[in-house]
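Here's the structure we're looking at; comments come further down.
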């Protein structure tokens, strides 16, 4: 299945997870889990992962990926993140890959998340909204612009081709 | 016609021409002229432009572009740059877009060019060869890595997509 | 004198001027001229350059630079761009290096400028404001993110050091 | 203590470790361990970490960092990597942060390392040497160019400042 946005690129995921600072025993929520790539990687460290998406096809895709990886600590929730967060207990870290209603989601997350909140964004409007909202909520830590190029073989040599740049926005109690 | 490599991207051309420092009255040589894009832009400032390519299809393509732009100060030479440089008089600036036999071409250019020599490279081997050769010839000024992203509309927003990174290597009497 | 922001970097200036598409005979305005670097470069092509800055020290700095370059087609205006634009005639191109009151300045520029308007921005809030305002005015063409690295000698080798990334936003009648 | 090169930046380390693909039980070697930052991070997953540096001050610095982190599975070796590798048993992964005698080190590593070898380089000559040597040894997988910018507060807004670009070269049995 092809989900809009596609899976997070490895290099962007590696930085995002590092900025999350997940520790053993953590409760982690992945908002807009898409293919489940981040949820699966986080599940190797976290105690429980909540994977949320409002798209049935994303949940189906991520569930299949989780099952085929033999992972049992990912709990799925199809619906709006706001809804999930209203009834959830405290969370240790959160990753936000989707951007619909971001200010409200961030406000809800900031009430439940004890550690870091990491957002991936490709639109400059989302970057701006994330930084502005985090500043307003007093949880802004840093934003990164990540530009990775990967080598390709060409005519007996090596050239770099770029992947799309991604903004990683990090918030949390400072 | 589709030439390998394709025309230089506008932003890379703008920087390359700036680094050339072309002045009115200059004699300019474009080694590996391809579609003629650089030669045409340079012809607006230079007195004479020599456009060189060993590929008949490149010369044909560039000649057509020069003609349709109504430009009359570009002189074409189909063959090896080394051959051209053996019999040419002094030159003010040179641009090198192609990379075959680069060390020999740079050595020949360094004997004829009074001003700057600017190379565009996408392969890391070419970058390395250009810098190493220019250092050996005592004409290395600087190398640039240029990474440009252009905006695209996406889902009611704006995202950046990168063009391939290009190395611009600048040499000349220092 | 040290003006905040500092002069535009060569590579960013080269791309910005290319995107302006200045032609002989053009009337050009440089809003927030700072050290005058862009105004001076544009004056080599444009018929007249209006260099505007509300800071007396910027005008003094730019005037000195213009004089020492022996240039006579730059006209200075100390004050707000809005004020200048109210009484100016039609303009061919505009460059905006400063960002105070950008939406109002863009609105005023869009009424007077026949060709392209190019903005340089380093803040993501300015990027967002520029794109949003240009979209609202129906003059948005493209935004670029420009990341240039320059070579430095290190321990018998060559490494790249980046200059600060700059956003170049381009508008005009489309 | 200030070691030349300084510690690996977090974002570059995150990507490098991801590309290493360390698993529980792995034997890992850090060639040119410097401050010990990579060795410490890897020690959280690997069974044993060998941290090698020919500089006494690097070993002292890394040993202090390891001790203050309460880590007990890092074994230090002051001397040349070649020397260590001659007598070592098989290794699962290797990270190379230093670049002296890289071709020989890579050749020795390729005989002992079962999994991935990841190199960090800032010099273009090192990048070229790493890629060329890995290609010759038949172990080249990919090279990355990583350009990260971090946000800074400026005049009521947010701008990006770049950290130095780093090349990450990945090799291993393919």
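In this document, chain identifiers A, B, C and D correspond to the written order of the chains, with residue numbering beginning at 1 in each.
The working rule: contacts are C-beta pairs under 8 Å (C-beta built on N, C-alpha and C of every residue); 3 or more make two chains touch, one makes a residue touch a chain.
Just so you know, these numbers come straight off a predicted model, no measurement behind them.
Student: Go through A-D and B-D and name the pair with more C-beta contacts between its chains.
Tutor: Taking the two pairs in turn, the one with more contacts turns out to be A-D.
Student: Using mean Cα positions as chain centres, tell me which chain lies farthest from subunit A.
Tutor: Between subunit A and every other chain, the largest centroid distance is to B.
Student: Find the geometric centre of each of subunit A and subunit B from their Cα atoms only, then give the gap between the two centres in Å, rounded to an integer.
Tutor: Distance between chain centres: 43 Å.
Student: Measuring from the mean C-alpha position of subunit B to the mean C-alpha position of subunit D, what distance in angstrom results?
Tutor: Chain centroid spacing, subunit B to subunit D, equals 37 Å.
Student: Roughly how far is subunit A from subunit D, going centre to centre by Cα mean, in whole Å?
Tutor: Computed from C-alpha means, the inter-chain centre distance equals 27 Å.
Student: Would you pick out the residues of subunit D that each touch at least 2 other chains?
Tutor: In subunit D, residues 124-125, 131, 143, 145, 147, 149, 151, 158, 160, 165 touch at least two other chains, as defined above.
Student: Which positions of subunit C touch subunit B when the two form their complex?
Tutor: 10-11, 13-15, 17-19, 131, 142-151, 158, 160
Student: Can you list the subunit C residues touching subunit A in their complex?
Tutor: On the subunit C side, the touching residues are 124-125, 127-128, 131-132, 143, 145, 147, 165.
Student: Under the definition above, what is the set of subunit B residues touching subunit A in their complex?
Tutor: My answer: residues 4, 122-126, 147, 149, 151, 154-155, 157-165.
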